[in-house]
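In structure tokens below, several structures.
Two complexes, one shared chain (subunit A), two partners (subunit B, subunit C).
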Partner chain A sequence: MANLRGLQEGIVNSQIWKSVFRVGIPNTNRKRVLAVLGSLILHLHPVKVRRSGVRMSYTWCMGGTSFFLFLVETVTGLLLMFYYRPTIEYAFTDIMDLREQAPFGIMREMHRWGAHAMVIAVWLHMFRVFMTGSYKPPREFNWNVGVILLVLTLLLSFTGYLLPWDQLAIWAITVGSSMARASPGAGNEGPMSGLVKLGDIRLIHAGDDARFALIGGRSIGAATLLRFYVLHCVVIPLAAGFLMAIHFWRVRKDGGISGPL
Partner chain B sequence: MSDEITPYQMVPKTPLAGSAAADIREQGEITRRSFPVVLTAAWVALAAALGGMSAVLLRFLFPNVLFEPVQKFKAGLPSDYSVGEVDERWKDKYGIWIVRTEEVVYALITVCTHLGCTPNWLPTQNKFKCPCHGSGYYKSGINFEGPTPRPLERAKIFIDIADGQIVVDKSKQFHQERGEWTDPEAFIKL
Partner chain C sequence: MTFIKDFINVLSAGSISFTLLTSIFALIVYFNLLGGRIKAVGGMAFIGLGVFMLLMGIFVPPLLYLGIAYLLILFALARLGGRLWDTKVGLRLFVIGGLAFGLSMLDPNFFLIAAKPDNVPIVAMIFLLGFFTWVALRKAYLNDTQIAVGGIPWEKTESDEKLFTWPDLVYTELLCMILLTIVMIVWSVVLRAPLEEAANPTSSPNPAKAPWYFLGLQEMLVYFDPWLAGVVLPTLIIVGLMAIPYIDTNPKGNGYYSFRERKWEIGVFLYGFLVLWSFLIITGTFLRGPNWNFFGPFEFWDPNKLVPLVNVDLSELMWVKVLGTSLPKLWIIREIFGLGLIGAYLGLPPVMAAGPFRRFYNKMGAARYYVGAYLFLIMMSLPIKMVLRWLFNLKYILHIQEIFFNV
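Presenting the complex of A and B:
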């Protein structure tokens, strides 16, 4: 026992240990607070939690579940990227490979089901926030950030929908992206787009409208697959991550999770 | 190095002495009067830079070259097509049905006017049927069932005088609901 105690003291007093844990053993209240505030991981947790904040029947834990599922999607998606190539030659066969041959074929299914679960969790989170009135001032700004995050969640699902490159994917995105044709002033069938004319020639047509920029062509093709891949793996996750940081920070600053103020 | 400061020495400091603000004030580069001008110029420069970057970003999304089937192609002689039939030989390659009737030949674009899927020609039922949401069109391209709001579009079609072949140009479309199907470029009169 003396040896173990000596070993423990040797570790705790070593420079490596002290460089990581600056405060020492938190055996007083002051040291406990310093230990929490001095750690990036621990300081993310609030110092005080409202009693209503830990009642599952009150919060449903749907915000936390949404974030957890986002992390699941990030990890599984990152792993899928080691096998998947976003080209029309390989996309579908790589998905088959992921399902049939790659180790842990469930990885792709986890990514898919996780995406469905995340959409459901985000909706339920929004519903709970609405029912508990947690969108009211001073949380109205955070409600708006949340609405954008909801849209980004749906866009993540939408862009991921194309990547298997099967018939369902191609026609679903054909239909879905056709909505961009109706953008006011930017889609070739949208209201007011017909007003943009040079003499008799319409300047907004199928070859230069909002849908064209979205899918990189007139119809769903190789350019669309690559664009949606980049949007799915880089652009939207980064935007969502940035907004999530704001969302969580504002939850704290606006009076903690839910509960009356 | 006699004036070297150890961490424990208090440095005597007079307000503003040695600070950047005081330096600038002494050099007289930015005065109280010129400051708003400099500030405005800085904001304008920043706005111009951000605006330029946004314009570049937006323009970058519009490709100059598309790796898609060409819009204009030669489709053989009118006699290659049998009267009363919907010809599907160009459907996969160019997205065009060529229909020959007793009097005219016209080219229908194989894009459903509901949400852009590709309908199927059902010869036994004598109609185009879209598999996505069930829109139906007659052989003429006129819609009669399903959610589609308007007929199929026809492409520009004409005879190349040099060799008598049909030329289809998808870059010009004719909408029936705009009354464009009577345009002489919308069909070939036999």
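Presenting the complex of A and C:
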């Protein structure tokens, strides 16, 4: 025991350790404050938090779970990008390869189950926030950011659903995206779209309506795959990351992890 | 065993399970979170409704099952009362649910659907939703009993006490992350991600389903046209969620669990979240088979199941069946009943504002009141349309193909 303690002190007092973690072991209140303030990651937190904000029975830890799963998705997704080419020639065979050839290949599993789990975690987070009335002033705006994040989570999962390019994928996206065809005024089968005319020529048709814009063609094809790939890997994660930064910032600015005000 | 399975198959039909869930919600709000006793007049009304369903069951057999299940639940709720929120009772309910699920897995048809890799998270979600709903309502019940005797909610007793982020919060987060990592790794090793044959645009599967979290919306397609079910209503769900903090001006219940202080907000939200969103997803996933036909949980997904298409429009029902004449040519006359009904429905908020809801109207102000009321009416149009479809085979209340407007 004494040796271990000596070893620990040796490490913590070494120049290398001190250059990374300035504070040392946070064993006094002053050091605990400095440990949080001095770290880029930890300073997302305030220095002190409400007792109820720490209790799992109060927060269900679902916001943190959603964020953690987002990180899991980012890491596993990056690994998957090494193996995957978003073209109809290669997409399916790359996934087959990944499944049959890659050693310890659980990255796709983890990515898929993580995505499902993240959707559920975000719903439960919203549920908890509602049940504790934590959307009430001054947190109205943050609730709205949260709703947009929820929509982005669903869109992330939806765009990712197509990428394996198997039967499950294209038909789920076919069903899911066929709604856009019925958008009022913007889809070729939607109400009021017939009113958008230039003389006798209908301006909204299957070749330029909302569905066409979404999937890049009249049916799910190569353009859809590329489009969804870019949305899935670049556009939506960036947007979600930006909104998450606002979301966490506002949690602090609006009075910390929720609790009675 | 077969009898129980058949009973559950019948009960899970939307006309029964959905109506049951809806009435249970009315009960929960009415009984003040099941904590109080059955109040005399309203309680009799609830019992009367059950007896009425039993009697109607002579003519419409499904109502018999509905009546039995409804009265059983009413009886159980009255017996349990506030004890439902004891940890022991909750644990017992959870074990019963798990056992029922385990037993059901022995059935080959049930197993086929519940064990499909993509459906496993939804099975987990059912249990998680049940568990967390119970946790939230239990905490609300405990706080409510405190407040009722002049105390303060439990969270408030701790709110002045502040802890250092290091170590308390940081270590909780670390533990959560480790636990989640373990769960994710085990889940990924045990269950392989599904991969079907390569995409083939010429052969569509039956049923063709959207990703699971959109199956509630796909289920709505049965009751509304695509422009409503697929575009307008989803947009309004998002708008409605975002509007919640601006419509709800009740200053109570901010930052702690409670039910009595926010009965209506919680009632409406739970109804939307648990019944209209989650329950429809569960229905769409487990109970909708080939051709989007309904199948009980223990029923074989027979692609040749025949379901008679007997849906009629309100105009047909009124002009042809009731009045015994042919449909008028001019749509404005043909749809006069539908127009009247929809007009009356949409006219409710101003009428109520002048009458029984005057208090709300004055408290909330015109903008909040009308936005909230119309969002609520649009939300409730879904269950109304669903029940009308099941009970009267009603297709459209308003069917104006001339201008593409069907509701």
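Heads up, the rule we're going with is that the second predicted complex is superposed on the first by the 221 of 261 C-alpha atoms of A that agree within 3 Å, B and C clash if a C-alpha of one lies under 4 Å from a C-alpha of the other, contacts with A are read in each partner's own complex, and residues count from 1 in each chain.
The definition used in the following text is that contacts are C-beta pairs under 8 Å (C-beta built on N, C-alpha and C of every residue); 3 or more make two chains touch, one makes a residue touch a chain.
Just so it is clear, the structure is predicted and the values come from calculations on it, not from any experiment.
Q: Which touches a greater number of subunit A residues, subunit B or subunit C?
A: Counting residues of subunit A touched by each partner, the higher count goes to C.
Q: Who does A:F212 touch here: subunit B (first), subunit C (second), both, or neither?
A: first
Q: So, A:P191: does it touch subunit B (first), subunit C (second), both, or neither?
A: The second partner, subunit C, only.
Q: Name the contact category of A:G114: first (subunit B only), second (subunit C only), both, or neither.
A: second
Q: Which holds for A:W171: it touches subunit B only (first), subunit C only (second), both, or neither?
A: A:W171 sits against subunit B and subunit C alike.
Q: Contact-wise, after the overlay, does A:H232 reach subunit B, subunit C, both or neither (first, second, both, neither)?
A: In the superposition, A:H232 contacts neither subunit B nor subunit C.
Q: Touching A:H125 in the superposition: subunit B (first), subunit C (second), both, neither?
A: Neither: A:H125 stays clear of subunit B and subunit C.
Q: Answer with first, second, both or neither: which of subunit B and subunit C does A:H247 touch in the superposed model?
A: Neither partner.
Q: Once the two structures are fitted together, what part of subunit A is touched by subunit B and by subunit C alike?
A: Comparing the two interfaces on subunit A, one with subunit B and one with subunit C, the shared residues are 171, 174-175, 178, 181, 219, 221.
Q: Over in the complex, which subunit A residues touch subunit B? Could you list them?
A: Residue list for subunit A touching subunit B: 171, 174-175, 177-178, 181, 207-208, 212-213, 216-219, 221-223.
Q: Can you tell me which positions in subunit B touch subunit A when the two form their complex?
A: Listed in rising order, the residues are 58, 61-63, 66-68, 95, 111, 115-117, 131-132, 171.
Q: Over in the complex, which subunit A residues touch subunit C? Could you list them?
A: 26, 29, 32-33, 35-36, 42, 45-54, 56-58, 60-61, 64-65, 68-69, 72, 88, 92, 95-96, 99, 106, 108-114, 116-117, 119-120, 123-124, 126-128, 130-137, 139-140, 143-144, 147, 150-151, 154, 157-158, 161, 164-172, 174-176, 178-184, 187, 189-192, 194, 219-221, 258-261
Q: Residues of subunit C touching subunit A in their complex?
A: On the subunit C side, the touching residues are 118, 121, 124-125, 128-129, 132-133, 135-136, 139-140, 153, 155-156, 158-159, 161-170, 172-173, 176-177, 180-181, 184-185, 187-189, 191-201, 203-205, 208-214, 217-218, 225-227, 229-232, 238, 241-242, 244-246, 248, 250-258, 262, 266, 269, 273, 403-405.
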